Amino acid sequence: MKKIGIIGGAGYTAGELLRLLINHPEAKVEFIHSTSHAGAPVTDVHQGLAGETDLVFSDTHPLDSVDILFLCSAHGHSREFWENNGRPSGLKVIDLAQDFRDESDGYVYGLPEINRDRIARAASVANPGCFATAIQLSLLPLAAAGLLPVGGDINVTALTGSTGAGVKPGATTHFSWRTDNISVYKPFTHQHLKEIGATLEKLQPGNTSTINFVPMRGDFARGIFAVTHLDCDLSEDEAVALYKDFYRDAPFTIVSDRPIDLKQVVNTNKALIHVEKHGRKLLITAAEDNLLKGASGQAVQNMNIMLGIDETAGLRLKPSAF
Amino acid sequence: MKKIGIIGGAGYTAGELLRLLINHPEAKVEFIHSTSHAGAPVTDVHQGLAGETDLVFSDTHPLDSVDILFLCSAHGHSREFWENNGRPSGLKVIDLAQDFRDESDGYVYGLPEINRDRIARAASVANPGCFATAIQLSLLPLAAAGLLPVGGDINVTALTGSTGAGVKPGATTHFSWRTDNISVYKPFTHQHLKEIGATLEKLQPGNTSTINFVPMRGDFARGIFAVTHLDCDLSEDEAVALYKDFYRDAPFTIVSDRPIDLKQVVNTNKALIHVEKHGRKLLITAAEDNLLKGASGQAVQNMNIMLGIDETAGLRLKPSAF
Amino acid sequence: MKKIGIIGGAGYTAGELLRLLINHPEAKVEFIHSTSHAGAPVTDVHQGLAGETDLVFSDTHPLDSVDILFLCSAHGHSREFWENNGRPSGLKVIDLAQDFRDESDGYVYGLPEINRDRIARAASVANPGCFATAIQLSLLPLAAAGLLPVGGDINVTALTGSTGAGVKPGATTHFSWRTDNISVYKPFTHQHLKEIGATLEKLQPGNTSTINFVPMRGDFARGIFAVTHLDCDLSEDEAVALYKDFYRDAPFTIVSDRPIDLKQVVNTNKALIHVEKHGRKLLITAAEDNLLKGASGQAVQNMNIMLGIDETAGLRLKPSAF
Amino acid sequence: MKKIGIIGGAGYTAGELLRLLINHPEAKVEFIHSTSHAGAPVTDVHQGLAGETDLVFSDTHPLDSVDILFLCSAHGHSREFWENNGRPSGLKVIDLAQDFRDESDGYVYGLPEINRDRIARAASVANPGCFATAIQLSLLPLAAAGLLPVGGDINVTALTGSTGAGVKPGATTHFSWRTDNISVYKPFTHQHLKEIGATLEKLQPGNTSTINFVPMRGDFARGIFAVTHLDCDLSEDEAVALYKDFYRDAPFTIVSDRPIDLKQVVNTNKALIHVEKHGRKLLITAAEDNLLKGASGQAVQNMNIMLGIDETAGLRLKPSAF
């Protein structure tokens, strides 16, 4: 059993990580650190685990006692963590914040669909953002084939669940406001555009296409549903074949022949992709669970790859379906 | 046009009051006071009014400029308000907090179904609580007929919408937690039991029955749905006749021959009551909109009665239905 | 009081119409016809009206007894209705189906924001589609100014509430499936594109722009939220001024200076529009209640205009807000 | 690997069963029979399984090819099935309908918390109803201790998710109606009262207490939340100890020291129970996932017991939490 440490244990991504690792066949959580809840049972905070664990939030984080460390704190805190703590040699690290997604400090960008081999060899992995995962999975096969429209528009509208906004309550996560409501935020300026752009530039250098990304707040707790369209010369059959071929070896990214809906993937680590052609436009829809393939599930997938065990271990999850 | 002042203008009940008064044929809001939002357009906070009003939150509350004052601050603050402010003679007052529901300081308990005449003559009215309204409307006809079970149990389970918990965000109004969720709070001890008990004691002195009240948090924003049952010797026909007769003159309390559902009343000032007999048990279901008949709608109804105008003025509201 | 007849009385749009007309100061519903529910009280079907009306569904439709007739049947049935029934001279007609939105047979397209004067003189009005209303309101000021991008893309993604799918239950309106779910339907091919295209062509002949419209099923009952973007040379200030100027006299279409959310308009006849500039893209968000400004509310607005009464009569509705 | 057959494969309980068995370490689905969908991939109907299985609905059900058979058809059809089909000796059967819950024809009532040993020896098991499971788990420790109030009232109000109503769409599962709505159905007469009564009579013969059960439709897809109270002489500490002791060996029934909420158990096979004392009343709240502990999860639990494997195999499910 590999020994696991978690920093920032009271947030949503840490909770989901714990819910995964508690049933993982090859992992054992050694400590889960939380400044705010130190000393309290984790089931006080992550209440869905009632009856399943006696773990208590720790106020220490003995880094030399674990094989792999997950950083689940807010953006900016991961970099800060390493300024204040020495890193034992041999310790593997997966950061769920955005601090190292630019691959600085030797981190590898943890999107297995393009970086599986690099992740397998990496000591440090920067886990992708939730929107970034859905949008990249929608575009990777095209970029890899050099088919992003040079100088053209890539139009993306995507809805996210409220868990994407974190555990701290606020005006836009107040139930009275959010339920039955839809709104736009950070249009054309969302921070995930940066990591998406970096990936696409690597796959199709100089593509000069523009991503017009309009993120929306959905009135559901879990999931991201992304609608993308762009000019493309491929026929529908060619496009479907391109996508299926690209994701042939990806255990969690599935190209669906049928139109998809969000709940097909909720509570799973899967991303579903569907491709259609309308006139000159290629339409790509993508669905994922923002806390799983969009965060903690992908983090465990990266852990599996880094540890050389079955990529799907601990991630064969029953879909909620309803 | 009667001139209206509102204290505590940024909360949910003040917002609903404003949404009602803005279209009221005989009322004009003279000021709406808010410490936290003074100077801001009310549409910054009560955004559903966009395009309908230029009102600005006031940092003063010139009590002698208005005919009637609504107190919409948190519980305890109404009493405090009068400790710090003189009350012009002739000013009518409706308090939406629980401070004067015990009819202290000359306040009349503002439940028109039993106190219409006293309200018409009152200078000060204490508006009932939301659960208290639904539960009293479920029991008034029995109490008035002396039919509450002496020494017996009255079992009430009721669900409330999230707006009942106020505008301040917290753990139990976080969308991620509340959506698709159900929970119990303050079982057997909810503060509204006090005003309910006082009313029932007045109507059926010495009834010695016990209300076993289990309040629940529902995963919807608006509404209260209350299920009540108790031992009763009446036949179903007799009970229905008793209820219909009791509410004959109540414009908003309607005894339905069909089973009811919550959304029949959402966004209206109506309370729907349905009565069935099963064995020796009388089952009473009641539905209301917690912000309307359960708060601001009933406050306007009381205002209408106090001002001697049509009780339904400004309250003939289109149901949401969906 | 004008006398009203309604055909197709059991559906959602007829129900909403009834909920509006029952409190309309100058209208009286003379008959509401339903083949399937003839003889039943309308409150059996439109249950939100419990206690407010004794109307019964009629099995006859005496056209000469009314001043104005609303056709609320399914698409195709309006044209069929006139094949089987004579039309009294002097009878005004508003059709809520799509049968005459091409302005055939003398119908005027009932979008007051462009056709107020023609509607005022019309005997027959074809009420616009729900998506069509939201999308046209997003684009009218640009088209009127000749600013649609010639040969360019207009990208529209919009979500609709489940009431848009009608009262008949089916797989995609099953609660178990729809709740917490998001999906795409009829991408690039939705039937409303036809009436939108016709309007834009009239305002900016030969504009040759393409509308890439991706409709989505939202997990809420009421409302449409539309996100539109396109290339535009105007600055943000110029665009906002253009929109505000265009809608200066529209009582229900409001240009908001703040970002908007869907619930601001739910249960009102308002459409809210917000305009931002990002790089070369103009982003327009629009929100409406699909059953009100998107259907029955706009039908009453058209009725008011046709009858020469205040355009807002019966339509000053309290927003739900929550 | 044990070979599994499923009859009635297109419904909700069969879908959930399949989602469980597909990852079960010791089971393999040999056939899943559906009259209506024979020949179609199961992922056409149970879409959450996209990418996880190539199974196709079968139009035959070769009973001698499997070790254990799950009957997932509508109530009444299981009895009918055996009238039309011979049963191979050695075939184990679990019926999810209510046909044999009276333990007729040699079926054992499949509630492991009281019948684990009998289930282990049974050839045929009748899986309990969803409400019946939640309510029995709320009362078993009292009944076993002879503490049900003789001649007294047991008051139960419980809400169920929409999946309890099955896959066939209808008026009360229409999203437009159900969302944000609450209603009562079958008060005092729900069919599950029968199996609950039989169990309690067995544990505390002649208890003569009456269960006043008011079932409610909740506006969520998954889950049952049940509130029960009754007169009880135990102190709170004694009651908690009684419950904890009774469920000591039950891997999925957990007595929580904290008040519970529904989502703690959604997507798990757990039942959470919480006990409080108020005056003379014992208050018991219980939460379960109606499709898991309330149906297919408990069926797999029974299968595990019948096959002599770990009771929790295939049932260590990640909670949804949100």
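Going in written order, the chains are labelled A, B, C and D, and every chain counts its residues from 1.
Basically, contacts are C-beta pairs under 8 Å (C-beta built on N, C-alpha and C of every residue); 3 or more make two chains touch, one makes a residue touch a chain.
In this text the structure is predicted, and so the values were computed from the model without any measurement.
K.L.:
If we look at chain C and chain D, which chains touch each of them?
P.N.:
The common neighbours are A, B.
K.L.:
A-C versus A-B: which has more C-beta pairs touching?
P.N.:
Answer to which pair has more contacts is A-C.
K.L.:
By mean C-alpha coordinates, which chain is most distant from chain C?
P.N.:
The chain lying farthest from chain C is D.
K.L.:
In whole angstrom, what separates the CA-based centres of chain B and chain C?
P.N.:
The mean C-alpha positions of chain B and chain C differ by 34 Å.
K.L.:
Roughly how many whole angstrom separate the Cα centroids of chain A and chain C?
P.N.:
Chain A and chain C have C-alpha centres separated by 39 Å.
K.L.:
Need the CA-centroid distance for the pair chain A / chain B, whole Å please.
P.N.:
Once rounded, the distance between the two centres reads 46 Å.
K.L.:
Going through chain C residue by residue, note those that touch at least 2 other chains and give them in order.
P.N.:
12, 161-163, 176, 179-180, 219-222, 260-261, 263, 266, 322
K.L.:
Provide the residue numbers of chain B that touch chain A in the complex, in ascending order.
P.N.:
Residues 12, 161-163, 167, 169-171, 173-176, 178-180, 219-221.
K.L.:
In the complex of these two chains, what residues of chain A are touching chain D?
P.N.:
Touch residues, chain A against chain D: 12, 15-16, 19-20, 23, 44, 46-51, 161-163, 179-180, 221-222, 254, 256, 258, 260-261, 263-268, 270, 272, 291, 316-322.
K.L.:
For the complex, which residues does chain C have touching chain A?
P.N.:
The contact residues of chain C facing chain A are 153, 155, 157, 159, 176-177, 180-185, 187-189, 210, 212, 214, 216, 218-223, 225, 227, 229, 259-263, 266, 276, 278-279, 281, 283, 285, 287, 322.
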